[in-house]
Amino acid sequence: MNDTVLQYLLVAVVLLPLLGAGGALLPAPPGLKGKNPDQAVLRHGVTITGAVLALTIALAAGFDHGHPAKMQASTDISWIPALGIRIHLGIDGISLPLLVLTALLTFLCALYSYFKMPEGPSPKAFVALLLLLESGTLATFAVLDLMLFFLAFEMVLIPMYFLIARWGGAGRERSALRFILYTLLGSVIMLLGLLLIGLKAGTFDMVALATDSSHAGRHLSHTTQLIAALAIGLGLAIKAPMWPLHSWLPDAHTSAPTVGSVLLAGVLLKMGTYGFVRIVLPITPGAAHTYAPYLAAFAVIGIIYGSLACLALARGGSGGDLKRLIAYSSVGHMGFVLLGIASLTPTGVNGALFANIAHGLITGLLFFLVGALKDRYGTSDLDTLAGHTGAALYGKAPRLGGLLAFAAVASLGLPGLAGFWGEMLAMFGAFKPAAGLHRGAYLTFTAIAAFGTLLTAAYLLVVVRRVNMGERETADAPQPVLADIQTYEFAAWTPLVALTVLAGLWPAVLLGLTDPAVRTLLGGN
Amino acid sequence: MNDVLDVILRLLAVLVAFLVLPLAVGQTEHKVMAHMQGRLGPMYAGGFHGWAQLVADGVKFAQKEDIVPADADRKVFQIAPAVALLPYLLVLIVIPVGPHGFVGQAIDAGLFFVLAVLGVGVLGSLMAGWASANKYSLLGGLRTGAQLMAYELPMVLAAASVAMAAGTLSLPGIVQAYQWWWTPWQIVGAFIFFTAGLAELQRPPFDMPVADSEIIFGAYTEYTGLRFAFFLLAEYAGIVVLCALTTVLFLGGWHGPWSDSIGWLWTLLKTAVLAFVVIWLRVTYPRLREDQLQKFAWTVLIPLSLLQIALTGVVKVVIQ
Amino acid sequence: MSTLAASGSVIQSVDWIAIAPPTITAVVALVVLVADLFLSDRRKPLLGRLTIGGLLLAGLSLLPLTDGDHTTFCLTTSPRDCSYVADHFTLVIQLLVIGGALLTALLSMHTMDELPAGEYWFLLLSAVAGAALLPASRDLATLVVALEVATLPTFALVGIRRGDRLSSEAALKFFLSSVAATAVTLLGVSFVYAATGTLHLTAIAHALPGVDPQLTTLAKAGAALTLVGFAFKLAAAPFHFWVPDTYVGAPLPIAAYLSVVGKAVGFSGLILVTVVAFKPYDAIWGPAAAALAALTMTVGNVAALRERPDAPHSAVRLLAWSSIGQAGYLLVPIAASAYSTTDHIGTTVAYALMYAAVNLGAFAVAALVSRTYKANRLTDYRGLYTTRPLAALSLAFFLLCLAGLPPGIIGLFAKVAVFSSAVDAGLGWLAVLMAVNVVIALVYYLRWTALLFVRPEGESAPATRTPAPLTAAIAVAAALAVALSGAPQLVLRFAAASLL
Amino acid sequence: MDYFHGYSVVGLVAVVGVLFVAVAFGAGRLLRPVVPTPEKLLTYECGVDPVGEGWAHTQIRYYVYSFLYVVFAVDSIFLFPWATVFAAKGYGGATLVEMFVFLGFLAVGLLYAWKKGVLEWT
Amino acid sequence: MHLAYPAVLAALLFSIGLYGVLARRNAILVLMSVELMLNAVNLNLVAFDVWLRDKLHSGQALTLFVIVIAAAEIGIGLAIVLLVYRNRGTADVDKLTDLAERTGGPGREDQAEEAEKKAEAAA
């Protein structure tokens, strides 16, 4: 495929959901009314997200895999000449996988909701918000202008806020407000950093900035870089989230509807780490070098903290919520991603990007599963679920239990599944960090992170034991009959499972894409 | 040295005119009114037709006890008569009597000055009305104020018409530029100016501020003795000033048959005739009601004066 | 007016096309006043339509002026010094003023059963005429007269609800403080005149460097004092105290008008005086303007943050404080103009255009809400989305624009433009302070926005029918805001080039 | 110099006038009797004891007139500078028309007051 | 005549006016003080005009406008004071506190409510 077609494909990928969101608010056309308006609009959501997924797959197919470091499908139109802001879109090996992941997860969510609409007001707004969210996320990964990046970054917040606040569970309004205030504060600080870069360098174009700065940082002084990178990093770190800025995440996840959780964990968190790779590393390399050890330190603290929190939640009698637990596990996993980035080596960054994708797949699956459990039991509280002995899912709904075990094992990083490669590469990178970084410190970080993997394994196994095993029937507490996995659930989950296995067995398919791009970004070392 | 003497002489002349002419008008009023009403008027004081009547009045006023009501605003109450009187003295000095500098003191913007200073006089009445702490006085004072406001405007506009015709604001300059046909040209303006002036002086038929049947004696109710006399003096000085101004602005001042050297006589004569008209009007017309007075000013005089200005402007541009 | 002043023997020819916008407005004002006398009560609504028609006509009269600079009322002795200049700056501000007035007129159509229509429209049009004259005036006399013509009718408009305690109190406060500020400005003008011997802005700029050393202090004092009146109109701190009370007491459309057109009057006068006339003294007014900007935005935003949502009139009061905060942003590029060789006033203008559309929209929704809830508390907006989804969405969009958050893209980029003007001029500290203020402002704008979508507690008042003009006002403002968000270049292009 | 001379003479006249009044009052003080009694100092209300305060609040009707006056009188100050020059060379008709426009404003103001019933009392 | 006399006089007048604006509590007196300030400006302008021998007489022209402005201000000002007086029986600017922000406890709140109701009733 030639580049013009790719170019239109990319624009269509970003715009289609946006148009679809507008379309969702309109009454359905005569032929597509369906049984009732609710069903029609949900079907509209599935159609649009499916089309977007198809487009992204076409995009991936048309992508020149020989030169993943090169910006492809780029569109560059002047938008606000007064401020030098351009509509610049393009993808390379780093953004393409994220684009596909986003399209996939959103499609699956739309599909899932078609059968299992979360409780709340009309599905019309739900679908529109979902599509808006998709558009924002896709745009975040596709734009190459700092201001547009910020716009896309922000555009995601509002639909997510409403998804949590209107279709969420208990305490949703508080959590949603907390979510939006935290991330907004972060993004405003990030905006200041972006502005600083743009004003000092005279352009907002990421490609130009990345190229310029790799030529010995022609434009940006070290001080500017330090300030800008701090501001941008702060905004991204809140989003990622990095310990100690993570506190909005567990609440948001706990209150969010299943679909919201999936997208939040699977896609939104990636925007933060993507920003680190796309902006901080190439545009402010000097500052990245200065801050890398601190970032690494926070990352490993996050790993340990997340795991310990999960352990505490998994313990019997602690009143831990499964969704909350997975949310904390995300903090740990994202810690690995950040550690990989902080190593500043191609290995580490590749690992980080890989872990990104893997986490998106696995945690998305986990949230789906927990959502299914919650639907069946009416609660996701671990103690209530497990009772004294355990929920005995294996016995009552063997396939559901099996899948849960699979996801947990994948999450703890079993070799052969997706979770393994990312974390391993990240630790490899940290083990041998880029020149100029303190080796000793990084060795310590690596050691702690490795300890973190053990803790991760521990809490996930505890969870599996408490949920899956146990006596089937107890005399004093007759348990409800559980439906096993439904067809639509299969449809929604199978792709995730398949991809987890695929990425675990054949990591090169991903690493081949990211590695050249990463090397280019890191300035060819 | 000569200059100083010159100034002093002029001052003295003005002062004398200020003290004598109003008395003359007053005495004339006594007699004219009496004869018009078929009676004699003052006959005893001074012997010949009671010529010293006003002097006798003056002596009486000077001897009377000066009472300031206990509730009154003392300071303001006492100053008010002076405020009412002095502006007329100031105006008198700039009115040209004859050609070639026969004037107390010529001032560039004489017309402006005259109109401005005349407006101050009413403050005296307002102060008196307010300071008396008397309901009737207050009403009278307010009426005076309202009347001034209603009639100042047509007066100013009529004066503006003359200034347009002459192309100057200097009073001698206006007289200098006078042609005989100005009188028919500006006749409406003259009527307005004179009428408005009467109203400002609170002369009948515009004397509601002192309407005895409604509000005793308006702003002057509480006054006695010398201070009361000052108010009276102000009224008659006002008549002199008004008539002199009308003469100067509309009737050509010193212009008349024969030599310029008797110009001052023409001015005095015209003024005297106008003063007679003022007295005549008092005898002839009944008092207007307060609202009629206001309505007359706003709906008749002001539109008329605007028309007069338009007429003046058009004629002036056409004859060029 | 300089026909009087010009001692030349020839009558100046007047460029009627150049002076058309303010002139048409004034003539229509007069027509409305006279028409009011001869219309029966039943047909009074005609006056509103007449006003809107007149404003549209005035707006159209801007079109022939776009080709370039028109000047008129110039000195015969030095044709460089003109009293009326219709350049791009003038045009943009006139567009802002007339457009703002149009929206205000739409806003006020439905309130006419309670207010005296003839007087209301006449006063509004007179004020607009003054406001439209102001950006074009290039001598201090015309400037002062225009300022007063723009201001005096608004006193009456603020107090036009005759029986209302709040309305008259607001009018008195507004009046007394404004009049005192005007007097101070005039004193400054007299000083400047004494030092330079001229009132024409360009001539002043020309004469200032050569002022007699004995008189420089006088000239500087004059320059400083002259700014006071305009700073007052702009509601820059410390001349801002009248704003909240006045906005609350005034009829809502008038508060909207003051917040937009009143501010336009203030900053355009400020620009003319500083950037044109006192350019040689930029070392003096530059820091002053920067300090004023810093103080204004901080005071406005902090006070808005402290506004209690359940206090009576808290919505209007919040808008009032926020408008003070926004005035601070408007001042930033003016201050920046003192520090750099190019002027940044285009940025102020661009920001003001954005602010005008959005703020009027916010006031329009507030007017809608106040039909149901007289007290107009912030808490009355709880769950607006369930009763009036479109109004709530529009208000949310307006507030996001004011806050400068996507999807209010135009708000964001206008702020970016202001921000970059400060950075360009080397006013880094001001830029940082502005950033902090933007963050503070986010909190209260978002709190309000969030409130719109919260589920209402208990019974909400039933939605009454919305008057068509009000709907139109909201729709126009929303359409403008959306259009600008899609193509911010429409206004931001002013920021790129010099307008004067 | 003439300018100041003229007004200094006017000032002198004012001083003379004040002196005259002062002397007259001074003389009057010497000539007249002073025998105040409470009855004499009472406010005069047609012979009966006064009711209420003298500074009573009265009808505000006159206020509108003063309003009208201020507006018109101030407008008319523009008339005088114009009046002296409009017929000079080079002005002529256009200047006249300008002033008619100005007078038109005054007329509209008057018309407004009239139609609004300001001039009617009942 | 030396410029100092009118200038000093004007400065004094202006200061008195300013003091009046700041210190007086009666709205009418504040208004009068403002007029005093404006007249000080007029005096300044005329004096400077003469002193500069300005051929255009900008100062005097501006004076005319200031006079008009002052008149318009006094007109509107008196109307507003009258309105305030009618609505609440006082022209004391310190007593106009209905609009002020209330920061006190719940007691104050009730007063505000009451004032609110009154205002609504009046409207």
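The first chain written gets the first letter, and so on, giving A, B, C, D and E; residue counts start at 1 in each chain.
We adopt the following convention: a residue touches a chain if its C-beta (ideal position, glycine included) is under 8 Å from a C-beta of that chain, and two chains touch if they have at least 3 such contacts.
The structure displayed is predicted, hence computed values, not measured ones.
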item: Set of chains adjacent to chain A and to chain E; value: C
item: Fewest hops from chain B to chain E - one hop per pair of touching chains; value: 2
item: Middle chain, criterion being Cα centroid separation; value: C
item: Chain located farthest away, centre of chain A as origin (C-alpha); value: B
item: Pair joined by the larger number of C-beta contacts - D-E, B-D; value: B-D
item: Cα-centroid distance, chain B relative to chain C, in whole angstrom; value: 52
item: Between chain A and chain C, centroid-to-centroid distance (C-alpha), Å; value: 45
item: Where chain A and chain B are represented by their mean Cα positions, the distance between them in whole Å; value: 96
item: Centroid spacing, where centroids are CA-atom means, of chain C and chain D in whole angstrom; value: 39
item: Residue list for chain A, restricted to those that touch at least two other chains; value: none
item: Where chain C touches two or more other chains, by residue; value: 4
item: Multi-chain contact residues (two or more partners), chain D; value: 73, 81, 88, 92
item: Which pairs of chains touch, using the document's own definition; value: A-C, B-D, C-D, C-E, D-E
item: Footprint of chain D on chain B - complex, ascending; value: 7, 10-11, 14-15, 62-72, 81-82, 85-86, 89-90, 93-94, 104-108, 111-113, 130, 132-139, 142-143, 145-146, 149-150, 152-153, 156-157, 160-161, 163-164, 167-169, 216, 221-222, 225-226, 230, 290-291, 294-295, 298-299, 302-303, 306, 309-310, 313-314, 316-317, 320
item: Residues of chain D that touch chain B when the two form their complex; value: 3, 6-7, 9-10, 12-14, 16-18, 20-21, 24-25, 27-29, 31-36, 38, 40-46, 50, 52-56, 58, 62, 65-66, 68-69, 72-73, 76, 79-80, 83-88, 92-93, 96, 99-100, 103, 106-107, 110, 113-114, 119-121
item: Contact set on chain E toward chain C in their complex; value: 14, 17-18, 21, 27, 30-31, 34, 37-38, 40-41, 44-45, 48-49, 51-52, 54-59, 61-62, 65-66, 69, 72-73, 76-77, 79-81, 83-84, 86-88, 93, 96, 98-102, 109, 112-113, 115-116, 118-120, 122-123
item: Chain D to chain C touching residues, read off their complex; value: 81-82, 88-92, 94-95, 98, 105, 108, 111-112, 115-116
item: In the complex, chain E residues that touch chain D; value: 1, 64, 67-68, 71-72, 74-75, 78-79, 82
